[in-house]
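Questions regarding the structure given below will be posed in turn.
Note that the chains take the letters A, B, C, D and E in the order they are written out, and that residue 1 is the start of every chain.
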Amino acid sequence: MQELAQQVVSGLASGSIYASMALALVLIYRSMNVINFAQGEMAMFTTFIAWQLVQQGLPLWAAFTATIAVAFVGAVLLERIVIRPVERAGPLTIVIVTLGLLITFNGLAGLFWGYVIKSFPSPFPAAPINIGGVAFSSQDVGIILVSLASLGVISLFFAKTKLGLAMRAAALYPAASQVLGIRVSWMLALGWGLSAVVGAISGMMVAPVVFLDPNMMQGIVVYAFAAAVLGGVESPLGAVVGGLILGVLLNLLGTYVEFVGTDLRLAVAFAIIVAVLLIRPAGLFGRVSVARV
Amino acid sequence: MFISSKQLIGSVAAAFALVLTSGATSPLVAQSVPGVTATEVVLGGLHPCSGPASAYCTIGKGAAAYFAYVNDKGGVNGRKITYKDLDDAYSPPQAMQLARQLVEQDHVFAMFNTLGTPSNTAIRPYLNQNQVPQLYVATGATTWAHDSSQYPWTIGWQPDYQSEAIIYARNLLKVAPNAKIGVIYQNDDYGKDYLAGLHKGLGPKSSLIVKEVSYETTDPDVSSQIGQLKASGADTFFIFATPKFALQSLVIAAQQSWHPTIYLNNVSANDVVMKGATEKGGATATAGVISVGYLKDPLDPRWANDSGLALFKQIMAKYAPGVDTSNLFYMYGCGAAYTMVDTLQKAGRDLTRQKLMDAAIHLNEANNPFVMPGIVVQTTPSNHFPITQEQLAKYDNGRFVPFGSIIDARPIIASESK
Amino acid sequence: MRLRADRNLAVAIVAIVIALLPFIVPSFSTFELTYVGAYAIAILGLIVLTGMNGQISLGHGAFLAVGGYVVAILAHRFGLSFWLSIPIAAIVSGIVGIGLGFVALRLEGVYLALATFSLAVATPSILKRFGDLTGGVMGIVLPPVAAPKVLAGVLTPVQWFYYVTWAFAGVLFLVTARFLGGRVGRSLRALRDNEIAAVSFGVNPHFYKTLAFGWSAAFAGIAGALIAIPTAYVSPDSYSSLLSITLLIGAVLGGIDTMWGALAGGVMIEFLPLWVQKINNAAPSVVYGVALILVMLVMPGGIAGTLLRLVQRRPPAPGDAVLRRTEPTRAVEQ
Amino acid sequence: MAAAPLLEVSDLHASYGEIEALHGIALGVERGAIVALLGANGAGKTSTLRAITGVVKTKGTVRFGGNALNGHGPEDAARLGIAHVPEGRGTMGALTVWENLMLGAYTRRDRKRVLGSYERVVGYFPWLAERKKQLAGTLSGGEQQMLAIARGLMMEPQLMLLDEPSLGLAPIVVREIFALLKTINARDGVSILVAEQNTTVALEAATHAYVLETGRIVVSGESQALLRDDGIRRSYLGY
Amino acid sequence: MSAAIPLLAVRGLTVRFGGLTALEDVSFEVTEGCIVGLIGPNGAGKTTCFNCITRLYEPTSGEIVFKGENLLRRAPYEVARSGITRTFQNLALFDRMSVIENVLVGYHSRYASGNGSGQAEEAVRREALRMLEYLGIAEVATRPAHGLSFGTRKSVELARALMAAPELLLLDEPAGGLNHDEVAALGATFKRICSDFKTTILMVEHHMRLVMGVSDHVVVLDSGRKIADGTPDVVQRNPAVIEAYLGAV
């Protein structure tokens, strides 16, 4: 029983990692129907920037804020320079370009900071929390809370602000939005900026747990894909819930299903992606859209 | 320069036949030894500098720095060493092609310190068939020594993973014969070799192991695995992991309020891991962790006034400026390169591949400045494990404090091979 | 008609060059060019699947793994010669591909890329999990290639296997050209360009899309076999997700719209990692990644596509279903 | 003619990729006028409207209130005061009625005045206020068309471009919409350029009309005159 | 009107998308050998009706019977083999394929029908070329389909549809985007096609002169319902039709 509780709790902790990354993926998908394969590497890269700033003596929260700003501006520039020329291209072109970004960011991080793992400071206290034999860290709680907070802020932004409304409109109805004076192309750039911010937050939350190195996100990103698909790739709420479910599910399968063990987790993630896409393509929280010819 | 491949293969085959029959060096090979001129000897190597295993790239850079230092000091027997170190991205097919390129296009005299069990396994038959020495490979699998009769041109350098695990097992049986053991290991050749060693070391007492869990290098974290180990009731925790996951294991165990006796494999027993784990998991996360060492950790205050460490720092500052010298991989590269230079020296002025191999299996190197004092890099025709000695140490107050004397796994290996 | 004559001439020249190369270049280059042939076969499959049929696969490394392991297991366990095991590899891989093709029927564009990418990432762990069959993490060592006795003095084993590989490549190219030029190819491309119109003219989308998947998987299986045999070793590390990514990148860099793209792509996959190492030894992947993005921005048709266009002085193609986004059709009619 | 017209288009060409859809269009909309743009499906009505606001690539000149428009994107046209109600209405079905209306006022900053516009728009379409939290996609076709017009009005435009407002609507609704357009035109002084296939209704509302055929203007004139001319009707309007 | 068995019978066809009703209980028949016009204001449900016949839409209820067989039991890709092909309102050419290849795809359903499968590729190609000549566009045979003029693209669509040797040809706004000289020629082309290919034509069209000029029978839809059905003369005088569509003349 205690083991079960422990597995569920650490599943939630891992799940919140997937969730925060999935949230970033969903933001880009919502703004341009694209999966950014480089999302994880961008998050990793910005986390390194934060690390560097802390090394230079900046207080953690200042580094945090500065990194978010850098992530936003950097991603907007990136969208303008690299994505915009292929904005209207088909999925294959965009897939390849984002793969190119993935390779580039990974290489750059290795070039600048090397491959030795780095310890990233955590804004939360280190002391473990122990409730009835189930132990976890305040960092775990912190990630869950930050993910939920990001979700809340994002939801409010899209629901309540004029800019958020314009972004939704631009993503869903680019042609109609244009004639209303919405600069659709900039909305896409803004979408990149926002998702990079969420990614940066995710990276900085995750790094204290998994430790920082250029390959930090490679293991996470596939689970984030699975989480996003599970929750419905257009739904921020779905991304978070999908991430948490996935985290718990993988832990329970790994612990109690002999065949899966700890070594078939990726295969399970693959199976979940395929199964969800086949059975309920819109995910748990996505809207089912009516296909029209 | 232009040799048709037919001729090449033909001559190799002829040479092979000659060696088999007479055991003497073929005159064909002696005439012109690939990669050797009056002023130069060319070595080749493969390290992953892109892809998931890029962390190991630095080993090659460390070795290259040492060779540059040796060259500036006049080289070996008047020859400068040219080290062609290529990136195989940890991919066996790529390793195979690059090895052929190094042998057939760049005409390397020998391969030195190629990294990783998969890559070395892939190129071993080719190199042996063509009698190209595959020296001091950077992996601790036992196969390099155990299968030396089948692959006489291949030899490892570092202590093998199995011996290391056997050392831990013996130590454990001595101090806590009724321990309940939980193991986390990386699900690849590296982790499984350690696991096999642990089983061998425990022998009939293998039943002490109550839980074994593995992780994949693609796993984001190992909290689920640690939870399972904790739930198993284990009081002794073996970590056979790469630094990242070792660090996570230490921290997560502490965070889950699990405080077993911990054995940590050598690869991960470095300052980055221990400092990081102490910082995140508190002092209890690392206090009393047991490991072994054979290299001089640049951050260990024991070596603050050591001449070997001073040499290391001097070399790195001059030939690899700007790199993070606290990274033990550089030390590893220098240490292996030292043995390589030593071997070339012993092989003599009149270099052949056969002579190089002979030197490699007659090592007796007590003065490698980069490995711990007292450890002798030693081989014999019947023993192809260059380093078998390791020093047990316990983590205490920010550093590993050695305890007991240097343990030589050689007798264990000897009994093992029987 | 003149165009066709030009093309035949070009094919003949390329075939002759390929036949003569082993006698011109050193042995290790012949060895590398053997891999070019194998990669070209794999990319040819991707051209059928992605270029002609519009289905994006980021998981073809898995089929290379199937091909490689089938050959390795058959050779290791049963001592089967590769003449027999390569066709078996093609069949097994093709069947797996058809299975995945059924799944792919329900997935489009980015979703398919996502699903296949996760397959690529999961492949090594699946290979390790079934260690009894696959040799687990240690993989399987294959016996070295030997030229048949009659050719022993004429061809080195390296040259011999070079010809074997390129013979496979040649046959598969011809077969593919034959099918792509006819009804099958038209149906695939029609589905890619406009599925609704294609279906309206009787093209069965389930059949042809699954066929394309099986076809490309079978080719990837053959390629996997042809890579495993000269490498003489298979292990899970040979089939990381990077391999799948590299294959698709090779196909797109080479030119996914034309069969020539397979040749160009094979050359790219084989030699680009070497070239970028020479350009920047410190961070080869940065050069690789930046080059990739630049190519996509500057020549979206890939190398072969761009060259062909220059030769034929054609204007750039518009409205491609895969390379360009088509505006979602929203019904006006209700 | 004393003052320059509000909208002045001359020698306008537009192309989609390699295919040219408009081959030199010239037309004008006077301040306060309702002008109809007629023609069969595919004649180029939609392209003309799109070319005016810059949705498609163009050559030629488009001047609006003295400013050269072409070369700028549709976003700038909106900022200058042209409300384009696109073909198929462009109502954003996944957003609420209120959100649709607010997006109409996207380019305006003064929230107070935006709310003022909202009050006036609700004056025309009282049902909008009651159903402002409803998703636009759940409205009927006629309601969606009215919402699209209302959204255009939220911009406080000088000129409205309407692309087939009658599309898919029952005749009675079509008449209602055109009556509303006339009211809006009269009361708020919004000039209107309306592309229509429903010739009768359009000509009745408009003061002036142009007839398009395969990307060229073939006939133009006072709408009453066109309405009376049987020859024109038979040749160009297809009935 | 003859009393023969209808080639196509649409009975009680209803289509709903979510809450929208696109077609409501529509019934009509198409008799072999004639040209039937399907008219109505934009958005009346004409194309939806076409899409049901070609099985792109699943009707909510109703029946579509072609040659006595229930079409709704067929998969979309089997409709062509049954003998129905179509053109598209917004043109649905295979843009990256050449004109002749586009037309060859039209032949696809005949490979499967048995009698065509033996025919060699070359013969099929010649037939496709003849089809292009028939429609006067043979000179663009090897050009890619994109980048052709609008009128030519429409002809390519027609050639592709005819290549399937359909018994029923559905034309969706064939006159859209054509000038009045071209429209005038179109009427003659349809009559010629009708007799040369023994094909029945059902067309959606706005151009009243064309529809009334060539149709034997006209069906009028408005807002998803059928409001009239009969010969052109009858329909043109129908008050409901005038009210909804033609306007006061």
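Here are some notes:
Rule of thumb we're sticking to: a residue touches a chain if its C-beta (ideal position, glycine included) is under 8 Å from a C-beta of that chain, and two chains touch if they have at least 3 such contacts.
In this text the structure is predicted, and so the values were computed from the model without any measurement.
Seen from the Cα centre of chain E, the chain whose own Cα centre is farthest off is B.
Of all chains, the one whose Cα centroid sits at the greatest distance from that of chain D is B. When the interfaces D-E and A-D are ranked by C-beta pairs in contact, the top one is D-E. A straight line joining the Cα centres of chain B and chain D is 76 Å long. Spacing of chain A relative to chain D, judged by their CA centroids, is 42 angstrom.
Mean C-alpha position of chain A lies 37 Å from that of chain B. Residue numbers of chain B whose C-beta contacts span two or more other chains: 50, 52, 187, 216, 218. Chain C has residues 121, 125, 128, 196, 284-285, 288, 315, 318-321, 329-330, 332-334 in contact with two or more other chains. Touching two or more other chains at once are residues 17-18, 141, 167-168 of chain D.
Against chain A, the residues of chain B that register as touching in their complex are 50, 52, 54-55, 57-58, 187, 213-221, 223-228, 230-231, 243-244, 247-248, 252, 254-258, 272-273, 275-276, 279-282, 323-324, 327. Chain D meets chain A in the complex at residues 53, 55, 73-75, 77-79, 83-84, 86, 90-92, 94-95, 99, 102-104, 106-107, 151, 155.
Chain contact summary for the complex, chain A toward chain D: residues 162, 165-166, 168-169, 172-173, 175-184, 287. The part of chain E that touches chain C in the complex is made up of residues 17, 20, 22, 42-43, 45-48, 54, 56, 75-81, 85-86, 88-90, 92-97, 101, 104-106, 108-109, 111-112, 121, 144, 146-147, 160, 164, 224.
Chain C makes touch with chain E in their complex at residues 182-183, 186-187, 189-190, 192-194, 196-205, 257, 315, 317-321, 329, 332-334.
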